[in-house]
Amino acid sequence: MPPSEHELRLRERLSRLKSLPLLGGAKLSGELERLQRQLERIAAEPTDEEIWRSVQLARHEQRPYTLDYAERLLDDWFELHGDRGLADDGAMVIGLGKLGGRTVTLVGQQKGRDIQERTRRQFGMPYPEGYRKAIRAFELAERLRTPVVSLVDTPGAYPGVAAEQHGQGGAIARSQAAMARLTVPTVACVIGEGGSGGAVAIALADRVLMQENAIYSVISPEGCAAILWRDAGQAQKAAAAFKPDARHCLELGVIDGIVPEPEGGAHTDHDEAARLLGESLREALDELDGVPGEELRRRRRARFRSLGVYA
Amino acid sequence: MPPSEHELRLRERLSRLKSLPLLGGAKLSGELERLQRQLERIAAEPTDEEIWRSVQLARHEQRPYTLDYAERLLDDWFELHGDRGLADDGAMVIGLGKLGGRTVTLVGQQKGRDIQERTRRQFGMPYPEGYRKAIRAFELAERLRTPVVSLVDTPGAYPGVAAEQHGQGGAIARSQAAMARLTVPTVACVIGEGGSGGAVAIALADRVLMQENAIYSVISPEGCAAILWRDAGQAQKAAAAFKPDARHCLELGVIDGIVPEPEGGAHTDHDEAARLLGESLREALDELDGVPGEELRRRRRARFRSLGVYA
Amino acid sequence: MAKIDVSIETNDLPAPPPKHPNTCPSCHSHYRDDELERSLWVCGHCGHHFAMRARDRIACLADPGSFVEEAADLHSEDPLGFFDLRPYTERLAEAEMSTGLADAIVIGQATLDGRQTELAVMDFAFMGGSMGSVVGEKLSRACDSAAERGVPLIAVTSSGGARMQEGILSLMQLPKTVCAVEDLHDAGQAMIVVMTHPTTAGVLASFASLGDVLLAEPGALIAFTGPRVVQQTTREKLPDDFGLAEQNLRFGHLDAIVPRPELRPTLSRLLRLLDAPQ
Amino acid sequence: MAKIDVSIETNDLPAPPPKHPNTCPSCHSHYRDDELERSLWVCGHCGHHFAMRARDRIACLADPGSFVEEAADLHSEDPLGFFDLRPYTERLAEAEMSTGLADAIVIGQATLDGRQTELAVMDFAFMGGSMGSVVGEKLSRACDSAAERGVPLIAVTSSGGARMQEGILSLMQLPKTVCAVEDLHDAGQAMIVVMTHPTTAGVLASFASLGDVLLAEPGALIAFTGPRVVQQTTREKLPDDFGLAEQNLRFGHLDAIVPRPELRPTLSRLLRLLDAPQ
């Protein structure tokens, strides 16, 4: 496979950095190192086994969740609650906090750690109420002029009778529309499972990142296998076919960058995973600093409108 | 009582019109006649009996309701449904139609004519879902750049367990806020009972009118009597004290004009009542024509922010 | 429960085909082709709305001779080299052969009772109306065409969801079409959506729900997650009209259910309303 | 049913006063004045939050000596010449005598942990915290003061609803305060609302619900229509926590319930968040 555009951009940036006198000191040399690492990762096409390992790590029971990151990354973290209509959906977390001195509005799906919390949070699958809660947070961010940080981690939107009656499809559509209207900087990162419409509902951002072992997909491997191979057991084969891993998403232009995880995966060291995530989020926000709101919105829409392959 | 400011303005306008050569022909002479009639009505302070008669006529079972006016006044009337979240509240009607060639978005409370319809429409008392339906209509009007016509006719917002759980207070507040943000022309008319928060929720308009026998009040006469006189039977006395009739509302600057009804009240002739209402609505919209949206909004807020009497 | 994907309903749809496509699945009345065409593919006996092909729909809505197709030659690529039981390219070729369409949507300019509009009509016969890159791109171009020409967009949907053979790119058609509709709205133009059976998953969770006016055909399944997956996942007892247009109307998600014979006059009325001088 | 007014809860509130204002209505513990003051008027035994006067609240929230009152001399007029069992003017005079306040709200500038803010604090002791022209005007001026100074507004609510003695003008305080908050928001400033017992009817249905962050004290009644009227009107069986802050949080209407001792640090944290350079 020829080097992707992204890889070419990275290589160019890398050589530019290398030829600069290292006045920036630590920051710049950190940047160098980071790019080098990222490049090495991208250079190699992941094998089917590596893809499947990502699927497993993305779902790992000890993987850090949105609130684990909020507590570690955000000073003065203050969780907000409720959709102002019907419920406070535990599968969707919103709140305010300071990321490196800058107040941001956080939106993220939230799984549970033990069985009780999992039930309360519907295994990270939001109801329409959850997406309305997210919309409220987007509108708050616009009013307060804070950037939005969105952490994606859901198997999908909740599939139930009440969820359908309360308008699951419309809520997901309107959550995306709310993001498409924002004039504040927005960064999304898939930190675990990016499952279909329920995930993209909060990922229509200026910068979309994925953690190294996160997955982002139109359907779960099991669902895909059940439909196309008529056998949910063929999940590994399905995953290899539709390639939900970060490197392929980057290749396809769906995401803008990969956030490194600690060796062995984010679950092995929550603090280090948070540190690495925080670095990437701050860097992404720094890049968006100073861009006028209308221009941010125009570019954001143009970015998503460019996605797709046809002839 | 000295002549009110409104009366003075009317008198001035009347004398100006009288001194004009009648080039405008029918329209102008109709205008003259209308002002003359309005002046006569205002000139006389209504008696306690007249106030009570308004209370009775405002609640008359044969009084025309929102849909009676929609069908008579709006060409191509098309009713829209639903709050896009939970329900389609029958006590709140929204839709599109043409008023004299101009597409408007209609929002109005709706009572029922027979017992079955009354139950279905909760006697014209909206749930929070009804106010969210209205908010959706306001947002649609803003998007389509159509003026809003709002017809107020409710004893009040629905007082029930589910209504509270679904956020009645917040829904009423946000409906007003949605109107306060609009940059399209808005006209509200109280066509029957303008009952408290449930009424004002859809009446934060550039022009607020009342039909001659409509009432607009912070509490029903019965409720007021029960609280202050500890006897709901003192309703007539309460009404005389807090003066919910159109003339007093005009006097206090709460409304901008009184829409005449057929002799004997709107219920005696729905077609004529609709004709008179349509004339006033069109006139109000004509006055707002050409005012830039931001300026409309600024004036609208300034108008409501000026209401109140203090020293 | 957390491991079951819920957003794609392709497997559920369509319902097992009746013995013959002209046999009403509801009352089993049988019709000749010309009978069905004359009745707008509505069962004269029970009112069942048969699926309607995109070109037939356009012929019913556009003034005769007024339709000018746009982007007719856009074809899907195969970005993932996707291969399940058969290669995606083979499935595409077969769908094109059997439907005469390049993909699951047809867009273009038209007039309806003399009023200019833009049409975007999906076709379930092309791979279950699934939304891949071409559907997303053509819907977006329809938005742009409507915006440039200053006319409303009428979108007729029929879709089982995203086209999973295009992997994550099919999911990206959700935000893509959402952005296109927002651009249309910012240009001051309206979108009327007509949801026909079935309108599910990714299409419902993106542009279809963002119409300024949302209409549906009677009996259409309109659900993010279809009944079979809901049942399998939650073991809940489903209401009789679960996910149908009628339930959606009751719960506030639709503006009106419009039987097919009334659709054209209804759209004509809405175009008059949207056309009026402000 | 249609004839029962539902929007004013003054009649329901406050609950019949206990034998002595310093006796906890919940667990009947009794406290000396200085004990209550030291515990921020929270029952040390059961956690019941006693009503708190506006000046005490301000003393608890504002940095010592920082509060500069605004519009202190605004007084209600009697636009209707209202007379029920007694003239409105007499009720006003009596309320002013007994509370030392000109009306049911106190507004002004203050700092909290050194951060500039605007405070608007209602006082239930003044005619049940009812909102008439003065409350509406002062709340609006607080919005303007916050906007002009570029600082957030903290509003502490406690109200039985609109002041019906001012008739329709009291109702007009709803849209009036809504417009004021919208102006504040357009000026880029935030409002934090602290709902205390009770926050009902007109105040809940206007500015109080429009806070960017909505906090409440434990056990506060927060309802548009209070339990007595709901019960009388609908004959429904009411849930145990009907209308309480706890129910409101569960149903998505509040951001957090904050016990009184944590209120100041919570507000301080929020001011830090709202203060940050963008």
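Per-chain residue numbering starts at 1, and chain names A, B, C and D are given in the order in which the chains are listed.
Here is the rule we use: a contact is a pair of C-beta atoms (placed from the backbone, for glycine too) under 8 Å apart; a residue touches a chain by one contact, two chains touch by 3 or more.
From a predicted model like this one, the values you see are computed outputs, not experimental measurements.
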Between B-D and B-C, more C-beta pairs in contact link B-D
Farthest CA centroid from subunit D: chain C
When centres are defined as mean Cα positions, the distance from subunit A to subunit C in whole Å is 29
Per the C-alpha means, the centres of subunit A and subunit B lie apart by a whole-Å value of 48
Distance between the CA centroids of subunit B and subunit C (whole Å) is 41
Contacts with two or more other chains occur in subunit C at residues 251-253
The positions of subunit B in contact with two or more other chains are 84-86, 165-167, 170, 174
Chains touch one another in the pairs A-B, A-C, A-D, B-C, B-D
The residues of subunit B that touch subunit D in their complex are 59, 111, 118, 123-125, 155-161, 163-170, 172-174, 176-177, 180-181, 195-198, 200-201, 203-204, 216-220, 222-224, 226-229, 238, 241-244, 248-249, 252, 254, 300-301, 304-305, 307-311
In the complex, subunit B touches subunit C at residues 76, 78-88, 96-98, 101-103, 129, 133, 140, 143-146
Per the touch rule, the subunit B residues reaching subunit A in their complex are 84-86, 128, 132, 165-167, 170-171, 174
The answer for subunit C against subunit B in the complex is residues 185, 188, 190, 212-213, 249-256, 266, 269-270, 272-274, 276-278
Given the complex, residues on subunit C that touch subunit A span 1-8, 10-11, 74-77, 79-80, 82-85, 132-134, 136-137, 140, 162, 164-176, 178-183, 200-202, 204-210, 222-225, 229-230, 233-234, 236, 238-239, 242-243, 247, 251-253
